[in-house]
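Residue numbering begins at 1 within each chain, and the chains themselves are lettered A, B and C in the order written.
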Amino acid sequence: MSDLKLVDVSKSFGAVEILKKINLDVKAGEFIVFVGPSGCGKSTLLRLIAGLEEITAGELVIGGKRMNDIDPSHRGLAMVFQSYALNPHMTVAENMGFALKFAGLPSAEIRARVLSAAHILDLEPLLQRRPKALSGGQRQRVAIGRAIVRQPKVFLFDEPLSNLDAGLRVHMRIEIAKLHRQLGVTTVYVTHDQVEAMTLADRIVVLRAGEVEQIGSPLDLYDNPANLFVAGFIGSPKMNLLPAIVTRTADGRPALRIPDIGDALVALPDRAPRLEDGRAVYIGIRPEQFCVDGSAEFDLAIDIVEHLGGTTFVYARKGSSAAIVVETRDGRAHKSGDAIAVRFDPASLYLFDADGGRIRSAAFGQPNA
Amino acid sequence: MPLPRLLNRIGVYGFLGAMALLSVFPFIWMIVGTTNSTGDIILGHLGLGHAFLDNTQKFFTQANAPLIFWNSAKISLLGTALTLAVSSVAGYGFEIFRSPGRDWLYAGLLLTIMIPFAVLMIPLFMIMGRLGLINTHIAIILPTVASGFVIFYFRQATKAFPSELRDAARVDGLKEWQIFLYIYIPTMRSTYAAAFVIVFMATWNNYLWPLIVLQTNEMKTITLVISSLASAYYPDYGVVMVGALVATLPTLIVFFAMQRQFVQGMLGAIK
Amino acid sequence: MPAPISLRRYYDVNGWFFVVPALGLIAVFMIYPIIWSLWMSFQTGRGLVMHFGGLANIVRLTEDPVFQLALTNTILFFVIQVPIMLTLALFTAVLLDDPKLKFAGLIRTAIFLPCVMSLVVYSVIFKSMFVDDGVVNRALAAVGAISGPIPWMSDPFWARVLLIVAITWRWTGYNMIFYLAALQNIDRSIYEVARIDGVPATARFFRLTVPMLKPVILFTTVTSTIGTLQLFDEARNIVASDTSAGTAGPGDSVLTLSVYIYNLTFRFMPSFGYAATVSYVIVILVALLSFVQFTVARERD
C-alpha cells in the first residue's frame, strides 16, 4: 500500500500534447477512477504511472520516491489490461506465477502465492487450464490473480470489464470492490463508463482532452459538478442541459427565458445573485429533479416512454426542440403522444456560463432543496 | 436443372477438372517414370514399368545419393533455422521499437527485396573467394540469413502480436530479450511454422547460387545433381526421375503435413 | 534497483540490439555487393585485369547482338506469359470461389501442387515430357491435334512456347491462391445485393470483383514480372541443348538476361564489368515496370 502523486505531469507524442499538467494526490489505500470519453488520455495517464510510456514533463512519486525513470517492474505495481494479456501458451497457474519466476522467488513461495490468490478468486479448479479453455469472466479473474500474486503496492486497471457482457460486468465490478476492501491496496482504475466510476471509486478524476475537469467523490461530482462537461458526463440518463437567457418577469423579478420550451419564463429564487439582462447561460436539471410541487411548470408532448418497472423515463419536448428527459416513479400511465405537465423547483437548477463554467450560488444547484 | 445451367455446370467442372489434371500430371509422370527405363520414358510410355530398382540403384551409385541428400538437408535446415532466428528478431525489433532512424533503414531494406540476384552474384562470389569459402556450405547459407523478405514477413505478423502481452510482461519485470524469447516466440508459433515452410522450400530448391559456389561433386546439392544428370547429351531419364522424386518428397511431405501454414506463409506477405 | 536511465533510451538501445545482426549481414551481403557491382559496371577488361572504362560497357550493350537477343527473349517471355497466367489464375479462382462447388478443396490443392516442385526438378520433368516422341507429342497426335511431332527442343519458336507453357504450369496455382484469399475477404452480401438488383454475372465480375481485387492483381503482376525478368533455372534446364557451350535452346531461343550474365561470368573468359552492366539492365527494367504498373493502377482509381 502506497500513496501516489502526480505533479504537473504532461505527455506528448511527437508534437501533440496528449496530457496537460495533470496534478493528483492519491492517498494510500484509496480507490481512484479515471473517467472520461474515449481518447481523452486515460490509458495514457495510466501507462505513464506504470512506466510503459515515458513522462514528457512533471513528476511521478510513488511511496515518496520519484519514479519517472524507474523500470516498470520496479515501481511496485501490478496492472490488469482490458484484453487480460494472458500468455496463450501457459496454464492459469503458469500465467499467475510468471512474474514471480522472473523476480527470482523460490518455487515453493510462488506456488503458495498462486494458490492463495486462486483461493481468493475461486480459480482453484482452473489452475491447469489454458486461457483458451476459459470463459471471459474466468480470464478476467486470472488477469486479476496475476496482479495479486505480486503483492503490489498499487493496482492499475485499464478498462478491465469492457470485454465482458453486461451481466458479468456487474458481477466483476462487485468482485473488484470486495477485493479492494479485502486487500486495501491503492488502486487506479480507468474506465469510460461513469456507472463503473460511480460505484467503485473513493474519488473520481474526470478527464477531458488531456485535462482534469474535476476531482471528487462520486456523489460530490453528481451533486456539485464543476462545469457543464462534468454535469453532462456524470449521471444516467444525462442531466438536461438547456440554453437560457437572463431576463425579467412582468413584475420586474429576475427570471430565465428558455427558448427550447416555448420561451417559458422561470422566475429565479429571491436569493439568486444578480445577473445582467440578456446574458446567455445554460440551465441544468437532472431527470429526477422534476417533481410534483415545484413552482415552475410547463406542458410538453411525450415522444417516447421507457418503462423500467420501478421508474419511468419520459422523453418529452416542446415543438421541434431537443427532448427533455423526465424521471417519474408513478408514470406507468404515460404513453407516446400524450401531453405531460412537468414541474420543478427553480432552486434545484444548475446554472452554467455560456463557456461551460459553473455559476455557483447558494440559490441554485440544491438538489435536495 | 434447366439446360443452360446444366451446360454451365458441365463447362465449369470440365475446365476445373482439366486444370487439376494438367497440374497433377507431371507428378504422376515423375512417379511412373521412376519405374520405366529411359527408352520407355522418351517414347511416352505411361504405364508402370519394371526398371524402378535398376533406376534407383544407378541413382545411388552414380550420384552418391546419401551424401548429396545430406548436403541438401544440412544446408536447408541450418539455413532455415538461422534465417528464422536472425530475421524474426529483426522483424520484431523494427515493429516494436519504432524510431525514425530505424524506419528509414527499414524502408531501404524493403527496396533490397526488389534487387535481382544477378546483381549480387559476381560480388558475392568474390567476397566468398576472399573469405576462403568457395565450395563450402557456409557460403550457401550466409547471404540468405538476413532476408529482407522474411524480415518484412515477421514485421507484418508482429502487428498482430498483442501489445498488451508485451506491456504486461514489462510490468512483470521481463527484459526485452526475455519477452521475445518467452512470450513472442511461443505466441507466434504458427507464424514461425509458415515462415519455416517458405524458407525451407526456397533453400532446398535453390539452384543458381549453389551452382556458382559448389564445385566438387561431394559438396553438391540434389538440385545441382539433377540438373547435371538431365543436361547430359543422352540423359538417363529413369535415373533423373528417381532423383526428381527424392528431391520433391521432402517438400511434398511438408506441404501435406502443413498445408495451412504453407498457404498462410505464401499469403503472409500481403496481409 | 537498476540505475535509472531514461525509458526512451532503454527502448532505443534495445531497438538497435534487435535489428543490428540482420542489418550487419545485409550490409555485407547485400548493400556492399550492390555498390561493388555498380562500380564494376564501369570497368572493362577480362578476368581480374580490369580498368576504368567509363561508359564503354553501355556502348558495348548497343553493339552486342547476343545481349539484344537475351533482352528480346526476356521481354517476350513476360509480355506473353504474365497476362496469360494471371488471367487463367483469376478465372480459376473465381470459379473455385463458388461456395456451392463440389470438390473445391481437392481441385484447389491439385492446382496449387506445382508450387511444391523445385524449378529445376519441374524443368527436367518437362524436358522428358516434351522430347520428340515423348508423351506430349503422342497425346496431341492421339487426339488428332497434330500430324507430325512438334519440334519443342529443336525449333526456336516451339522452344519458346514450351518455356511459356512450363512457367505457366508452375505459377498459375501460386497466383490463384492470392486471388482466392482476396475473394474470400470480400463480403458475400455485396454479390447477393447485386444479384437481387439484377446485375448480370459478367458485370458482377468486371464491375465488382476486378476492382475489389485490384491490390492483389497489382501485387501478383509486379511479383510475376520481377520473377520472369530473372528467369534462369528453367531457361537453363528445360531446353538447354548444350550447357558446356553455354547456349540456351536452339539458336539461343530461350537465352535470358540472367543466363547471359551467368555465361559472361562463369562460362567464357569472365567479363565481370560487362556482366555487371547487364545485371543493372535487369534492375532498371524491374524498377521501370514496377513503377509503370503502380502508376497505371493508381490512375484507374
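Quick notes
The definition used in the following text is that a contact is a pair of C-beta atoms (placed from the backbone, for glycine too) under 8 Å apart; a residue touches a chain by one contact, two chains touch by 3 or more.
Treat the numbers as computed from the prediction; the structure is a model and nothing was measured.
Contacts between chains leave no pair untouched here, as each chain touches all the others. Chain B has its Cα centroid nearest to the centroid of all protein Cα atoms in the structure.
Ranking A-C and B-C by contacting C-beta pairs places B-C first. The distance from the centre of chain A to the centre of chain B, with each centre set as the mean of the Cα atoms, comes to 56 Å.
For the pair chain A and chain C, the distance between mean C-alpha positions equals 59 Å. Inter-chain spacing, taken between the CA centroids of chain B and chain C, is 16 Å.
The multi-chain contact residues of chain A, meaning those touching 2 or more other chains, are 51, 71, 74.
Of all residues in chain A, those touching chain B in their complex are 47, 50-52, 71-74, 77-79, 81-85, 87-89, 98-99, 102-103, 146, 150. Of all residues in chain C, only 1-2, 4-8, 10 touch chain A in the complex they form.
Per the touch definition, chain B reaches chain C in the complex via residues 12, 15-17, 19-24, 26-27, 29-30, 33, 41-46, 86-87, 89-90, 92-94, 96-99, 102, 105, 109, 112, 114-127, 142-143, 145-146, 148, 151, 176-177, 180, 201, 204-205, 207-208, 212, 223, 226-227, 229-231, 235, 237, 240-241, 244, 247-248, 251-252, 255, 259, 263, 266-267, 270.
Across the complex, chain A meets chain C through its residues 51, 53-54, 68-71, 74.
Those residues of chain B that touch chain A in the complex are listed here as 162, 164-165, 167-168, 170-174, 178, 183, 186-187, 189.
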